[in-house]
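You will see two complexes here that share subunit A, one where it goes with subunit B and one where it goes with subunit C.
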Partner chain A sequence: MENGALRKAGVILLFLALWELAPLTGLVDPLFIPRFSGVLITIRDLYQTGEFLQHTRISLLRAFSGLAVAVVIGLPLGLILGGWFPRIQQATEPLMELCAVANPVILAHIIIFFLGIGETAKTFIIAWLCVWPITFSTITGIRSADDSLLKAARSLGLGRWQLFRLVVLPSAAPSIFTGLRLSAGYAFIMLIAAEMMGAGSGLGWFIVQSQESYHVLRLFAGATVITFLGLLTDVSIRLLQNRFAFWNSEPGESFHLQGRGIV
Partner chain B sequence: MAGVVDVPQQIQTDAKIVVKAITSVFHLKKTRTEPAREFIALKEINLEVKKGEFLVLVGPSGCGKSTLLDILTGLAQPTSGAVYIDGNKVTGPALDRGIVLQGYALFPWRTVRQNVEFGLEIKKVPKRERRAISDNFIHLVGLDGFADRFPHELSGGMKQRVAIARALAYDPEVLLMDEPFAAVDAQTRESLQDELLRIWEATGKTILFVTHSIEEAVFLGDRVAVLTPNPGTLREIVKIDLPRPRHNSDTRSSAEFGWIRRKIWELLQNAPHESRHHLNAVPVAEAISPTASL
Partner chain C sequence: MRLPAAVNSLLLRSSGVLIFLILWETAPRLAWVDPYFVPPLSIVVREIWLLLETGDLSRHLLVSSWRAVTGLSLALVVALPLGIILGRWLTGLASALEPLLRLLSQINPFAMLPLFLLFFGIGETAKVAVVTWVTLWPILFYTIIATRTVDPLQIKSAAALGVSRSEMLCKVILPAAVPTIFIGIRIGASLTFFILIAAEMLGAGSGLGWLVHNSAMNYLIPRIYAGATFIVLLGFLLNRLLLYIEASLSIWQGSQSGSPVAGQSRASSWRPDRGSAVAGTAILVLVLILGALEVRRLNQEALAGASSSSSHAKHFGTPADSSDGGL
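Right after this comes the complex of A and B.
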C-alpha cells in the first residue's frame, strides 16, 4: 500500500460524510447544498436517460481535443525552443508568459469573431490555456538535463541527434508529464467556460441550464461528474508518469543534485 | 589562440597517452565585481602514460585537473598543445576512452544492464552479444543479481560500480576517472579502491585517475602527478614503489606509504625546500600517522 494511502482515503471519506450530514442535520440548507447520496442518485437517474451520457461524451471530446491540440503544438514548440534555440526561447519567454496568463474567456468575442461559435472556438479556448504548461515544462525539462549525464554521453562521441533522443528527451520526461497533468486540469476547468458561451450541449451547458432552472441536484450532479472525469484523467496521466518517468518520483537523492566537478 | 602553434597530427611514441605542452586559458566575462580577465587553468602540462599504467593526478580544487581530463576525453579543446593516444592526436570524444565521473552519471531511466550496455548500443553491437558482455562486466564489478534494478534502487557505491562497468563494457583501452569515489562514504570508498585495483589488474587498462585525496592517489597509482593551482602546473611526478597487489588493510599501514604521502603533501604545500628540511626534524611516527596531513 502506498505510504499514507489509508489516511488519504480517510480524509476523503470524512469529507463525503460531512457533505452527507451537513444538509441532513440542517447545518446547511439542502436547497443550496443537497446531500451527497441525493447527488449520486440523481447521477444514476440521469445516466438512465441517455441524454446525459451524450453530454458527457461531448464534454470529454471537447476537453481531450483541446488537450490534444495543446500537446501537438506545445511539445514540439518546447522541444525546439528548449533544445535548439535557447536565444529565441529567452527572447520570447516574457511574451509567452504574457500569453499564458491572458484569459481566453475575456477575449471570447474576438475568438468567436474569427472562429465562429462552433467547436473550433471551444477547442481553441481550451487549447490556448493548456498549451503553455506543456511548452514551459518541456523547456524546463530539456534545460534541466543533468550535465554529468550529458558529459558521460558526449564522451562516447554521440551526435547531436543521438544525444537528444537518448539523453535529453528522456531527461525531460518527468517535467513534461508534470506539465501535461497541469494542462489536463486546465482543460476541464476551461471546458465549463467554453460550454457556457453559446453551446447547446455538454456538461458545462447542462450545469448552466440546471442553475438557471434551480435544479440544484442536477447542478451538483453535473459538477460531480466533471470533477470525477478530471480526477480520472489526472490519475491516468499519473499512472503513465509512474510507468514512463518513474525515477523522478522517487524520494531520496535526486540524480541532478549530485555534486559536479568545477574546473 | 588554438591553431597558432602548429601541432602535428601524429607523433612517434611508445606511450599510450602523451600530453604535450597543454595550456588552457579561459576568458572570464566581466562581472559586477570583477573586470573581464583571463584565467589560466593549465600551463604547459607535459605528461606521458605508459600502456597499462595507473597514473593518478592529484591536486586541490582549481588546479585544472578536471579541465585536463575534459581535454583528454575530447570534450574540451586546449588553448595550445595537444593530447595523443597511441600517437594520434585527440580531436574529439571517441570510444577508445571510457570515463567515470564523480556523480555516477547513470541514466535513471535505464536498468543496470541497460546502463552498462549503453556504449555497446552506440557501437551497434548486436543484442545477444551485448547481453553476454554486460553479464560479464556486471559480474566483474560484483553486481550479479542487480542487472534489472534501476539506479535509484542502488546505494552510492553500487552506482559507481555500474558506472565503472559501463565505462569498461565497450572495451576502451584508456579509462579516465574524475574523482569517481568522492561522493561515497569512507568505508565504501576503500572497498571501491580495492575493487578498482582488482579490475585494473584483471583488464590491463591504462587508467588516468583524478582525485584530491593524497591517500587515494598513493594507494592506487603507479605514479602520482602532482598539480598545483594558479596557474595549474604539473609540479612533479612521484613514482610509487609500493608492492602490488595492494590491499587497503596492509598497504596503508606500511611506513613507506606514510612517507610517500607526506612527500606529496609537501609538494602540494608549494614550499619544497623548506619542508623537506623540516621533514627530517619530524618524528617518524608523526610523519607516517594517517592524520599527519590533516
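Right after this comes the complex of A and C.
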C-alpha cells in the first residue's frame, strides 16, 4: 500500500520534473511552455500583488454560488420527482433531458437578455449546467433503493419520514454524491467559459487577458491555479462521500450515472 | 389493449415538452413576456426553415460536425490502444499513472483553449485539438476500466481453449469491453459538442457556435433562438444516436447492459441489430469526408477573401489536407 502511494507520487513528480526540464533543455520552446518553477514564481508574485487573490476569490464565489443554487434546486426536485410523483417525473423527463442537452454556452446569449451580464447571469449559467446531474442522480439513487429493504423496513413499522430518512436516503446517497462531483466539475468548466465570454474579473477573464497580451507565464499561472482548485474541490467532495456514504460505492453504478447525468 | 396503453404513456411522456412549447408560443403572443426578447415558437421555426432553405444552417452544421468527428476520431486513435495496453498488460503502470491522468483530465478545457489558440493559431487545428483533448480522457479512463474488468472466467476459459493473443483481444476482451468503452465515447461526444460551440464562439468564422454568436452580435434575436433550438435538438439527437449504437453494440450482453439508468422508463424493447450500428458508423464517415471538403472550401474562400495575411494561410488548408487525400 505504502509502496503504491509512493509510486503514484513519484509519477507526478516525474511529470513536474519533465515540465521543468523540457523547456530548460530546449526540447520545447520555453516561449510557449515555460518552466514549472517559472510558473510557480509567477503565481507567488501575482499573489503578492493581491489583485490575483481578488480574481481567485471572485471565481470561487461564482462557482460555489452556482453549485449551491444547483444543489438547493436539484436535490429537492430529484427527491420529489423520484420519490413521490413518478407520473410527473415521467411527464417531465423528456423536457428535462432536452434542458440538460441545452448548451449553456448558447443559452448564455439568451440569458443575457433577461439578466444582463452581471453576476446573476453567471450564477444562473453555472447553476443551469450543474442542476441536471444532481437531479438525475438523485432520481436514480432513490429509484435504486432496494425493494426488499423497503418492504422489510415497512413491515417493521417505519413511518413515511423514518423510511425516507433511514432507508431511502442512505441508499441514494452514493449516487447523489456522484452527481454532486460531476456537477462540481461542470461548475469549474462553465465558470471559466462564462468569465471568458463576458466579465471584467475572475480567473477566466485573467486567462483570456493573458492570452491576448501574450503573457504565457500568466496564462499558465491562471490555468494551474484553476486546475488546482478544481482538483481540491473534487477531492473534498470525495472525502465527504467517504465520510457520509462509504457504503455501497459500487463503481459500475457511477459509470451508468455519469453516462446519464451528463446527457 | 396494448396500443392505448402505449399511446397513453407516449402522451404522458411528451406532455411536459408539449406544455413547454405551447407556453413558448402563447406567452409572447399574449405579451406575458416581451416578444422582442422572446419570439414565439412559430417565428423561431420559420427562421430555422429560412436558414435551412438558404443552406446556411447545413453548411455550418457540416463544418461543426466535421470538427467534432475529426477530434473524436483522433482521440479514439490515441486513447483506445493506450487504454487497452494500460488496462490489460501494463496494469502496474496504469495504477501508477492514474493520479497523473486524473490530474491531466482535471485541467479545465476552457483554460486549455487559449493555450491551443496560442500554439496553433485560430485555424482548424486549435479547435480539433481542443476537441481531442476533451474527449481523450473519458475514452481513456473507460477503456482502461473496461478492459481491466473483463470477466476473468471468460479469459481463463478462452486461455484454456488455447486461443492466441490476438484472438483473445479481438474475440474475448474487446467484445466484453465495448459497452463500457462506449459509455466513455458518449460522455466524450457530449462534452465535445459543448466545448466546440464555445470554441467556435471564441474564435472562428464558421460553425454553429459562430452562427449563434454572430446573430447575437448583430441583435438578430429570432436567429439566436433558431440557432439555439437547432443546437439543442442536435445535441438531443446525437445523444440518442449514441445510445442507439451503444445498445446495438452490447446486444449480446443481454440484460446486464439494459442499464437501469440509461433506459429507466425508456422502451427497452427496441434492440437494434448490428447492421444499424454499421449504418451509424457509415454516417459518421460520410460527415468526415463531406465536412473535410466543406471546411476546405470555406477556408479557401476565406483565404481568397483575405489573401494578404499569408501567415494565416499556413493554418488553414493543413488539417483538411491530411484527412482527404482525394481532392
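Basically, the second predicted complex is superposed on the first by the 244 of 263 C-alpha atoms of A that agree within 3 Å, B and C clash if a C-alpha of one lies under 4 Å from a C-alpha of the other, contacts with A are read in each partner's own complex, and residues count from 1 in each chain.
The criterion applied here is as follows: a residue touches a chain if its C-beta (ideal position, glycine included) is under 8 Å from a C-beta of that chain, and two chains touch if they have at least 3 such contacts.
The structure displayed is predicted, hence computed values, not measured ones.
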Touch check for A:L18: first (subunit B), second (subunit C), both, or neither?
neither
Subunit A: partner with more touched residues, subunit B or subunit C
C
Under the stated touch criterion, which partner chain does A:Q162 make contact with: subunit B (first), subunit C (second), both, or neither?
first
I'd like to know which partner A:A173 touches here: subunit B for first, subunit C for second, both or neither.
first
Would you sort A:K151 into first (subunit B), second (subunit C), both or neither based on which partner it touches?
first
According to the stated criteria, A:K8 is in contact with first (subunit B), second (subunit C), both, or neither; which is it?
second
Contact residues common to both interfaces of subunit A (with subunit B and with subunit C):
255, 258-260, 262-263
Quick one: which bits of subunit C touch subunit A in the complex? Just the residue numbers, please.
9, 12-17, 20, 37-38, 95-100, 103, 106-115, 117-119, 142, 145, 180, 183, 186-187, 190-191, 193-194, 197-198, 201-202, 209, 212-213, 216, 221, 224-225, 227-228, 231-232, 235-236, 239, 259-262, 264-265
Note which residues of subunit A are touching subunit B in the complex, please.
146, 148-149, 151-158, 162, 166-167, 170, 173, 245-248, 250, 252-253, 255, 258-263
Considering only the defined contacts, which subunit B positions touch subunit A in the complex?
41, 61-64, 66-67, 73-75, 92-95, 97-99, 101-109, 118-119, 122, 150-152, 156, 163, 170, 178-179, 182-183
Which of the residues in subunit A come into contact with subunit C in the complex?
4, 7-12, 15, 32, 87, 90-98, 101-107, 109-110, 113-114, 140, 143-144, 185, 188-189, 192-193, 196-197, 204, 207-208, 210-211, 214, 216, 219-220, 222-223, 226-227, 230-231, 234, 251, 255-260, 262-263
